[in-house]
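The same subunit A turns up in both complexes below, where it pairs with subunit B and then with subunit C.
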Partner chain A sequence: MYKYVLKRLLMMIPVLIGVSFLVFFILAVSPGDPARMILGEQATQESVDALRDEMGLDDPVLVRYAHYMGDVLHGDLGTSYKTKLDVLMQVLDRFPNTLILSVAGILVALVIGVPIGILSAKRQYSWVDNLTTVLGLVGVAMPNFWLGLLLVMLFSLHLGWLPSSGMGEGLVPMIKSLILPALTLGTGCAASIMRMTRSSMLEAMRQDYIDTARSKGLKESYITKYHMFKNALIPIITVIGLQFGMLLGGAALTETIFAWPGLGRFMIESIKSKDMPMVLGSAMFLAVMYSVVNLIVDILYAYADPRIKAQYKH
Partner chain B sequence: MTSKELVQSKELVQNSEIMRRSLWMDAWRRFKKNKMAVCSLVFLMILVLIGLSTIVIDIATDNAIYDSLIIKQDLTDRFGEPSGAHILGLDEFGRDILLRILWGTRYSLFMSAAAIVAAAIVGTIIGAISGYYSGIVDNVIMRLMDVVLALPYMLLAIAIVAALGPGLVNVLISIAIGYVPEFARIIRASVLSVREREFIEAAKALGASDRVIIFNQILPNVLAPLIVQITMAMAGAILSIAGLSFLGLGIQPPLPEWGAMLTNARAYIRDAWHITAFPGLMILLTILALNIVGDGLRDALDPKLKN
Partner chain C sequence: MDNILEIKDLVVRYETEDGLVKAVNSVNLALKQGASVGLVGETGAGKTTLAKSVMRLIQWPPGRIISGEILFEGKDLVSLTQEQMYNIRGKEISMIFQDPMTALNPVMTVGKQIAEVIGVHEAHLDEEGTKKKMEEMLQMVGIDPQRAEEYPHQFSGGMKQRVVIAIALACNPKLLIADEPTTALDVTIQAQVLELIRNLRDKLGTSLLLITHDLGVVAQNCEYVAIMYAGEIVEYGELRDVFHRGAHPYTKGLFDSIPKLTEKVDRLRPIEGMMPDPANLPEGCKFHPRCQYATPECGQVQPPEVDLGGGHIVRCMRYSGGKPIQSGE
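Presenting the complex of A and B:
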């Protein structure tokens, strides 16, 4: 097992290099002169040129990338143009909030998606199945920022049960302020996970070993749990992994609606104030985290399916 | 050749023509049975008609209606509730929400279509080259695609818009780039499976060039998965355009894009529910319709895939 994990870790290195270069290339080669941004409009052309030289802005992009990554590996993501604060500290300050929100979102999605998906597959073509199919279609098509606004309308303004924005201080207020953003973020995923659970359960139910298990006289609940669900798990894990990554990247919308102090909202604000080191740092961090999530998902596969682990034995 | 043989070969030619036509005919027959999909297709057709007619109206009236009803603010009558005169009510600047939604069709529907068609063309070319030549070319191209896919889609789009700045064309580019790898992958997989068939060997034996083989022999055979993917990707693109605009990074107010119409909704959520409700509902319905049509097309074009 440890050999497999090591192999996966090594395979991640080129992906990380590629991803970081892509993000760097998109954001660092954008129009606009960073030196001019720092010094302001009044600065003389000479001082701008001097700073350009000092920052290495006239170097080829590969050289600049190498410098940047060298700094990154030393834990230096640069400093903000606007606030002069250390980017890494700012990013680390906000990322836990995004992580809390994403984990809560995926929990919502799992709690809703998996049981309903199983039920729907066990009673294929019943009214339960039809209803959940329709709800699944609507859930996938639902723009989550719109859902967030509707939830605020209902639960904050009309019923007054939950706060409409911000992150509460202390455990209970924090959880209360987390409910609506987590529902907003999780609903779309719940629908995807539900659809995938249903179809892979249906696939597993058709296998011969299910008939064998039944003829052995095993209890139906046992068969569902250990024969069907365990075999249906691989595609479900794939969807969960994909969705979790998308939550990390897409949390910007939900965080903006609920004024949740996460990395996504921070990145959007930095974009609006044209604070490129902050944008680059946040995007880089989110991209790397997404790759790490994918790695964890791949390792989870091996736990769920010994056949995959066996491929890496030799 | 005897006359009997001639008749037989003529029949063969006619039969093959029937076969060729009937792939799409069959698909259409199967699609028609799916009532939800047909309803969704009708809904989308109506949207397309609305989008086209608003453009025609703007050209005919030299933007007079557009300027006076869609863009111009009337602060004497803000937040008007839905009524007989304004079925969906008035927005925070006193503009008719229904008209703005209708005029916004061009952004959501036509822009997403343009972005996805662009992504499909680029992706198809890349995927076809990659699948047909295999070897090093394939490896390099697909690893590049993997890198793009290794970024969360929304993050990539946000980064590109952050670099290029907001605006119609930049949003279009940022949406299109993210979808190229998906198309490339699908086309490559299809090309790989078609490449080994006998008729490709026959075309090669006849001396057809690579270009002719790729475009005339292989691509028509991968059209079905391509069409399904285009429909599904359009739904995603509409969502992304609306999301970017909502964040203030996409299409900017006062343009009546559906997501941009929601930008201010958060601030006025206490004052007027209808400002939030209707543009979002329109996005939901359009995406729902596209997904249902996509599912229907997949089932109709490739019955084997249906579970």
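Presenting the complex of A and C:
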């Protein structure tokens, strides 16, 4: 198992090289001059040229990339063009907020998605199943930002129960400000998790060992929990892991709507101001996080299914 | 109570998109206390459906028991609620399933799977007692109790079937239903498993309903035989009567299609044709399209059950009032 984890950690290296190269290249060819951005529209061409020279912007892309990666290997993700602050510190400063939001979002998704998925599998083709199927499709199809705006209209504008944006100071205000963005993020995920739980449960329910379990005189609720759900877990864990990874990296829109000071919103601001080191640093950090989540999912498989654990021994 | 199990006029249907599947059609079957009955028939004859009906394991949708009675010790199982069935399953009646490869939960240790049934039905046992009983069961079926913490994938097919048997017999059921317990196993393992069931029956006095399509297995293990065809029991009687004086043309066909050591045969004689689609059964006798003795009447009238004497029952138009009708052979 340890060997496996180590192998997976080493496999993250090519992933990171790929991500960094792609992002670096895209940023390099995209229009706009970072030096001009930093100095502003009024700056003279001479001062812009001088800055370009100082920043090494006139070197070939590959040379710049090599320089950048050299710094990264020394743990230096560079400094922001805009704020002149250390990129890693800035990223680490914002990441906990994104993590809090993602965890809250995935919890919402789990609490809604898993029980409803189980219920609609147990009552396949009943009105409960049909209703949740429709709601699930709506949930998947509905754009996050739109749902977010609707929630703000209802709970902030009309009812005035919850703040519409920002992150509250202190535990209770923080949780209050977390509810709407977490609901917004969780709903879409809940729908995917629900659909996967349903189909995976239906698959498990058809298996012969369910007949064996029933023939023992076990109660149906017990069979559902320990025989069906435990066997249905692998695909559910997979989809939860994927969703969580997406939340970590892709909460940008929701963070922007709710002015949540997370990494996603920060990254979008950095892209807008063409703050290359910041975009690169955030992207690489998120890639690492995504890989770590995937690794955790793979390790969880081993706990959900002893057959997979047996494979890891080799 | 003479009969531990008495099935009366049982009708089971599956409602599928392809139509109404008539899996079990007014079956009558009695099982004497302590006896063992072999239920023989081709794949698709409705044997497993019949067995699952006794356990009330037919799931709706798509299947359900339409009518009939299943009397277990005089109590009609069909009229019981699912909650009442919890106390019957695993304790009074147990079932061994066809394929040991899929009959065990892959993510639960075998020890736990045996302990579950003990835990449900023997409430007086504490955790320690349940564990001890579970280990005894493993020992009884010839598995080292130390392997209780292992998962099904660490066991061979024969070992898995032993675990399934241990589960089925853990609470000393009065009736054991074995649904083709050896079909998925190697011949050498088959003999071991059957011997195991036989020994345990001798020890515990369990009645047995053995489902199989192997007449040899029936000959060695059963006192009574029921021949099932297209959802009906076409012949029933003591082993000797059915094997030596088989009356129904289908029974005869079955025996003719087995090679015999004592006769020189160039070619086996299979029964012509295929078993009808249970969603589209013929009128009258279900076997008449394949029957060499069929008369026009066979295609119209459902043959009654006729007792040929000594509980040897046959469902065929050639027998009426216990005597064969002249068929002009």
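A few comments on the model shown:
What we mean here is this: the second predicted complex is superposed on the first by the 275 of 314 C-alpha atoms of A that agree within 3 Å, B and C clash if a C-alpha of one lies under 4 Å from a C-alpha of the other, contacts with A are read in each partner's own complex, and residues count from 1 in each chain.
Convention: a residue touches a chain if its C-beta (ideal position, glycine included) is under 8 Å from a C-beta of that chain, and two chains touch if they have at least 3 such contacts.
Computed from a predicted model, the values in this text were never measured in an experiment.
Annotation for the three-chain superposition on subunit A: subunit B and subunit C fit side by side. Between the C-alpha centres of subunit B and subunit C, as seen from that of subunit A in the superposed arrangement, lies an angle of 80 degrees, given as a multiple of 10. Contacts of A:Ser291 after superposition on the shared chain: subunit B is touched, whereas subunit C is not.
Legend: residue contacts after superposition of the two complexes on their common chain; A:Pro173 is shown touching neither subunit B nor subunit C. By the touch criterion defined above, A:Val140 lies against subunit B but remains apart from subunit C after alignment on the C-alpha atoms of chain A.
Which of subunit B and subunit C touches more residues of subunit A: that partner is B. Residue contacts after overlaying the shared chain place A:Gly56 against neither subunit B nor subunit C.
Of the two partner chains placed around the shared chain by superposition, subunit C is the only one that A:Asn231 touches, whereas subunit B remains out of contact. Of the two partner chains placed by superposition, only subunit C is touched by A:Ser215; subunit B is not. When the shared chain is aligned, subunit C comes close enough to touch A:Gln207, but subunit B does not. The gap separating subunit B from subunit C in the superposed three-chain model is 13 Å, by closest C-alpha atoms. The touching residues of subunit A, when paired with subunit C in their complex, are 124-125, 207-209, 211-220, 226-227, 230-231, 233, 304-307, 310.
Residues 14-15, 18-19, 21-23, 26-27, 29-31, 137-138, 140-143, 145-146, 149-150, 152-153, 157, 199, 202-203, 245-246, 248-250, 252-253, 256-257, 267-268, 271-272, 279, 283, 286-287, 290-291, 294 of subunit A are the ones that touch subunit B when the two sit in their complex. Of all the residues in subunit C, the ones that touch subunit A in their complex are 52, 55, 57, 61, 82, 85-91, 94-95, 97-99, 102-108, 113, 116-117, 120-121, 151, 153-154, 164, 167-168.
On the subunit B side of its complex with subunit A, the touching residues are 143-144, 146-148, 150-156, 158-165, 235, 239, 242-243, 246-249, 259, 262, 265-266, 269-270, 273, 276-277, 280, 283-284, 287-288, 291-292, 307.
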